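So the structure is just underneath, and the comments pick up after that.
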Amino acid sequence: MTTLYAGRDGKIRQITIPELFTLRNKPEYSDTIIWADLESPTEEEEETLLVNFFLFHHLAVEDCQRERLTPHIGDHYPKVEDYHDCLFVIFNPVDRPIEENENSNDESKYCVHFPTRQMNAFLGTNFLVTHHYEPSLAINYVQNLCLKNPQTLQRGPDFLFHIIIDEIVDNYTPVIEYFDKQLDELEACIFQDFEPSTLPKILSLKKGIIRLRKISTYQREILNRLSRGEFTLISTEEMLYYRNVYDHLVRISDLVESYRENIAGLLEAYLSVNSNRMNQVMKVLTVISTIFLPLTFISSIYGMNFRFMPELEWRYGYFIIWSIIIGIGAFMLRLFSKKGWLE
Amino acid sequence: MTTLYAGRDGKIRQITIPELFTLRNKPEYSDTIIWADLESPTEEEEETLLVNFFLFHHLAVEDCQRERLTPHIGDHYPKVEDYHDCLFVIFNPVDRPIEENENSNDESKYCVHFPTRQMNAFLGTNFLVTHHYEPSLAINYVQNLCLKNPQTLQRGPDFLFHIIIDEIVDNYTPVIEYFDKQLDELEACIFQDFEPSTLPKILSLKKGIIRLRKISTYQREILNRLSRGEFTLISTEEMLYYRNVYDHLVRISDLVESYRENIAGLLEAYLSVNSNRMNQVMKVLTVISTIFLPLTFISSIYGMNFRFMPELEWRYGYFIIWSIIIGIGAFMLRLFSKKGWLE
Amino acid sequence: MTTLYAGRDGKIRQITIPELFTLRNKPEYSDTIIWADLESPTEEEEETLLVNFFLFHHLAVEDCQRERLTPHIGDHYPKVEDYHDCLFVIFNPVDRPIEENENSNDESKYCVHFPTRQMNAFLGTNFLVTHHYEPSLAINYVQNLCLKNPQTLQRGPDFLFHIIIDEIVDNYTPVIEYFDKQLDELEACIFQDFEPSTLPKILSLKKGIIRLRKISTYQREILNRLSRGEFTLISTEEMLYYRNVYDHLVRISDLVESYRENIAGLLEAYLSVNSNRMNQVMKVLTVISTIFLPLTFISSIYGMNFRFMPELEWRYGYFIIWSIIIGIGAFMLRLFSKKGWLE
Amino acid sequence: MTTLYAGRDGKIRQITIPELFTLRNKPEYSDTIIWADLESPTEEEEETLLVNFFLFHHLAVEDCQRERLTPHIGDHYPKVEDYHDCLFVIFNPVDRPIEENENSNDESKYCVHFPTRQMNAFLGTNFLVTHHYEPSLAINYVQNLCLKNPQTLQRGPDFLFHIIIDEIVDNYTPVIEYFDKQLDELEACIFQDFEPSTLPKILSLKKGIIRLRKISTYQREILNRLSRGEFTLISTEEMLYYRNVYDHLVRISDLVESYRENIAGLLEAYLSVNSNRMNQVMKVLTVISTIFLPLTFISSIYGMNFRFMPELEWRYGYFIIWSIIIGIGAFMLRLFSKKGWLE
Amino acid sequence: MTTLYAGRDGKIRQITIPELFTLRNKPEYSDTIIWADLESPTEEEEETLLVNFFLFHHLAVEDCQRERLTPHIGDHYPKVEDYHDCLFVIFNPVDRPIEENENSNDESKYCVHFPTRQMNAFLGTNFLVTHHYEPSLAINYVQNLCLKNPQTLQRGPDFLFHIIIDEIVDNYTPVIEYFDKQLDELEACIFQDFEPSTLPKILSLKKGIIRLRKISTYQREILNRLSRGEFTLISTEEMLYYRNVYDHLVRISDLVESYRENIAGLLEAYLSVNSNRMNQVMKVLTVISTIFLPLTFISSIYGMNFRFMPELEWRYGYFIIWSIIIGIGAFMLRLFSKKGWLE
């Protein structure tokens, strides 16, 4: 579904593709600002708009279509390319994380996954083309904003594009909050009610955090380049706004980096707590064995059937043995208590 | 609470906001130095001073207000931005660490936390605006200094700002001393009276130290930029003073870095000591089992009820068995003593 | 087997080496594009073409022959060298991984190995020479392409070379997919049916992934240099195509980097799961010992042969002892069940 | 104690502070070379010489006094500052390491500590001022050298300063040799006579080595700057001498770096050897239990009091049981011997 | 033993030191190429040639003599220094590794050591001086080459020096092959016949590999500088040859880096295999204890001497007990077999 907006003299209107071709030949075209949003476009729409109308370079168009053409080769990392008459930008929105075994009982397959999308944009002096195969919250938000406040479009495609990117970056927040919550839960699982099955969760979360770190670092680099005046299509006064989004991404990167350190600490903690629990088990075993093995030995002595065993004939032999047994037991317990093994 | 100081001809006086607006139209304005300190200002005060009087860029003003607007997205890392007519600086004071479970008994929730604040400053040719939502020890100190010694203001806003930053950096000392003391205590907990419950404390302290390292590194970078002549609003002769604060921060970073190495060493030590203690437990178990299992076997042999067991009939059978048992026991003990398992 | 192609006026024909020498003296030579592919050439062919006809520098020719001359000194890492009249490029195709113990039973010698080849190319203004000792899928593909579409050759040797490199990079995919599949299998081996013998597989896979990372990083660097306008023999408009291959390699590097992180996580998981299993074993031992050692002690007490043991005479002595034994056993089991040791 | 030397026409003489003030007004002052050494000076001497005579910047003077003013904020890292008319250098000599528990018996408090000092120097066109609060071996050595060979002073303050720094760096050797010896001793403690109490020593040595690495890296950076022509006060021909000291420091850094790797290896070795020893203990336990538990079971069978147990009546029952017991024992021992558990 | 060669008009002859001094005053000196090789020279020879004839800077001469003067301060790392009229290069040949305990039985002192030498060279427009305290294979090889092919000297000292360096780098191969072989042996020691005593070998090999990595990286840096046109004494056309040696060193560095990764993997493998073996021991212990402790308990029950124990009187009591015992044993074995503990 392709939507086209044309803005002129502070007014905005939605146009169709044929109207766009007509508009090009009118004198008012030069001071009209066009925003073409291609949401999950058909191949024909892509051909008509990207290739025939805007005459974009075919490598850039192929990059746009990568999600459809070669979905198996990892995420497309973001990039900016300067084609002189336009700037081609790939940016990555992220979706809410999906816990893949939410409905399954097999804990060992626990897996955190948050999908990334590919948002492609072409930024020209008087046009902005956005292209994406999945509906985008950010685009919808900005469309509503433009319709409510037509001046937004009038400030130029670079200003418009900055709002879209800002929205995309704002939509990173749920992912970050999800990780924050998960870290807290895992910390409770380790230090309060230790569950050995926490391990796959920790490793899966770590993978997710490392992936988010990579993604946010890449987006940050793109915004760094957009905000430092490398591209003439972004005017000097808009650069400040891009810098603002960049600052936001730096804060996100920092947070994610600190999550990565926390999760590494949690892994260490898991291993240590696990080893402490084993120590605990060993202590119980040792205390029990060390008390009962000698006692059993003593009693087995007097179970021997030698004809001549003087103690067996003593009147209080049995009670003496009980005293010895209780004495040894008490002594052992005191020893262990002093060593702190009874805790 | 907003406080305004105007300094001229080596004298200083406190003025109100309306007086400030009046002052602007007087000829003496150009050689008056203004220091406006906005401590937890109302939104109205921010509007009047930052936007209407000083005409600061709205992105900078929004950054100032970040602690109020979006408190959830991590710390605002410090930054310097050059708006030509003024320099916008964000700097982070730190507070004393708070041990969150001071009054609780649940050791597993032990957590070291030291809050960071956001100190915003706008530095112009003849004004300094400081803006913060929490009372600041550094600001109070410098206010007293100015009132006692009005010449301080006369040396220009860059000199004034350097004193504030110097004070903020001095206030890092309690945090550092706190970590120093904690490290010593933990070392005692590990090497003297080993407590398995030290682990959450180590991990929490490590987190705190990593955070402090990040913060001090960021502040250092800011001071590095302020002191190397990048900004014309800081005069060449004041740069030396900024360099001095920078040196101070380098020393702090170094200390914190060495703390980080110490805490990593403590974690290793904790794990090793724990494992040594387990070895100790295992040795006790092995010594006891290895002594009493064979002895119990021997005595159980003579507990058998075979009709024809010649030893049982011997007159000194029982005493011979005791000799064998004592002999085996002594031999075992000597063996273990030689292997060093009895320590 | 050496194949020569001469392209002129949009037509292509295969020529022999003598024809090539004749062609040089004709006026049409200057606008003919030559592609010489030396597949496992004889030393004589190398001498005739590389040294006598094209007059390449003898160090470059020796580099070409390295696979034959000094096969023992590791992989030849890729490189680009500018000899002014031509560009000498070494590039590394990779083959499908070979599992060396596919037919053997000795698990301890498990080894993943994927061979790398050396593809040498000389790129001039009107010629491209490719040289390799092993048949190359990429070369075969481009030969077919040229014969089907003679215009391909007409776009110049730099365009032709980019197609070859693009094909080589496409052929990295099976290796990547192999690693992806292996990682999934290992994850199942660790979290579902734990096999202690997974360890050599993990370490071998890790080695392979590290090697692939190194190789893809090196190729990426070469393409980075080819695509950023460092060499005049690659025209500005072709640079975009090289950039495209570079982007592809960046995605591959990223994937391989994430595999490296996964395999490191798997190693950690292996160690932890292994240690968990040991904990499990220890718990069983402890539970059994802790229940039966005291019970055996009790029964051994009443196996003693003292003349005066009042309990033995009691009518219900035996049943009382059974009650005590069952009571202690039940109490112990409840205790362990509460501690979670019975899981 | 302040010592002043004035050198002129290849002669050297010691002068007093008043003489120095007199000298300034004489025409011969310009070609006299002054070396002022302030060893643990009084505050008055510092005031007179540093502030009043040489007119050094007050921040540099405060840096000199840091060891007295704020001794708690870590080591002062070295630095070079160019004040146009003079170069201010802070350099760090190190003292022999002190083993803090040399006379104590508490092994857990073992601690290696080597103090660093702060050597401050001001280098001008015709003067060198050295300032330090502790007696310095290097200064004493150079004073003797100057008195023996007055030409030394004549070659200029930059040459003189290089000799002092060279001496300071030479005095790093005892520290390095100390670490070398300690590493050898620790290696013997681990691989020859394993002592579990080696751990605190390893960790303490590691701390010391990391500290020395940091210090030597910092000094190296300073010498790198002094030797690469950044400062005009060091003449081109003297730069080679500074380069020589720099080379020396690079070798020291390299050595210390390799020590750091060795100590990390020792820590790994300690943990592994410890774990090997535990394995040894476990094997003994397992061998003993596995032999005697089944045997005791057998003998306890025939200790049962059933009325009808046919074996008990057999004439050779007892001897048959002994054969079975010895048979099982021998079989077990052979099994363990084959598994290599008896080593 | 000092050897001097003078080459002119494509001829080469060996000359003595006095002849060299005579030659200097002849007009043919300017187009004669001199190669002076000082192999373990006397101090007098060093004085005569290095100081008096060639007038080298005394710091460079002292660097040459470092191996004799201060042998204790680590390896001299390589370097290049440009003294305008000559280039001073230090380069490090390596010798075959020596296994220090080859003839000893004490495995704990296993140590791999390969000595490095110091090869000093002075490269001028028409002379090359090589200086070394140990006989050098590379020098001998090049001497033979020069005598066989006098043209070699005629191509200039830079060409001659490149052959020497190339030979030195070729002589790294035995060291690399040694490490390769050792790694294979260690891998067999770990995965096939596990020996706990492999640990010191792994750690020692790791140390050696880290050292080789450092050395090869340093040499590589030197060759990088020699090959990139930094020094005018190396002509542009010879730079390609230096580049070739540089490529060779890059391949060596890469190999050594991959060895370092392998040895780290082996260390991990050693620890894991060791821990697996311990698991194995624990399982045996647990299986045996878990089977025999309950059984012994049962038999000890019927060893009690209560007057009234009905089972004892039963005719088939004994056989019933045996059935129970065998039943429990079989059940346990099946349980363990299902858990995979019997493998």
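Read from first to last, the chains carry the letters A, B, C, D and E; within each, the first residue is number 1.
Basically, contacts are C-beta pairs under 8 Å (C-beta built on N, C-alpha and C of every residue); 3 or more make two chains touch, one makes a residue touch a chain.
The structure presented is a predicted model; accordingly, all values stated were derived computationally and were not measured.
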{"item": "Inter-copy rotation, chain D to chain E, in degrees (Cα atoms; steps of 5)", "value": "70"}
{"item": "Same vs different contact residues, chain A with chain B, by half of numbers used", "value": "different"}
{"item": "Chain B-chain C separation of Cα centroids, rounded to whole Å", "value": "42"}
{"item": "Rounded Å distance, chain A centre to chain C centre (Cα mean)", "value": "26"}
{"item": "For chain C, residues that touch 2 or more chains besides their own", "value": "275, 278, 282, 285, 289, 293, 296, 300, 303-305, 309"}
{"item": "Ordered ring members, chain B first, chain D second", "value": "B, D, E, C, A"}
{"item": "Residues of chain E touching chain C in the complex", "value": "173, 191-192, 240-241, 243-244, 247-248, 250-252, 254-255, 258, 261-262, 265, 268-269, 272-273, 275-276, 278-279, 282-283, 285-286, 289-290, 293-294, 296-297, 300-301, 303-309, 341"}
{"item": "Contact set on chain D toward chain B in their complex", "value": "57, 59, 62-63, 73-77, 79, 81, 108-109, 196, 199-200, 203, 206-207, 210-211, 214, 267, 270-271, 274-275, 277-278, 281-282, 284-285, 288-289, 292-293, 295-296, 299-300, 302-305, 309, 311-318, 321, 325"}
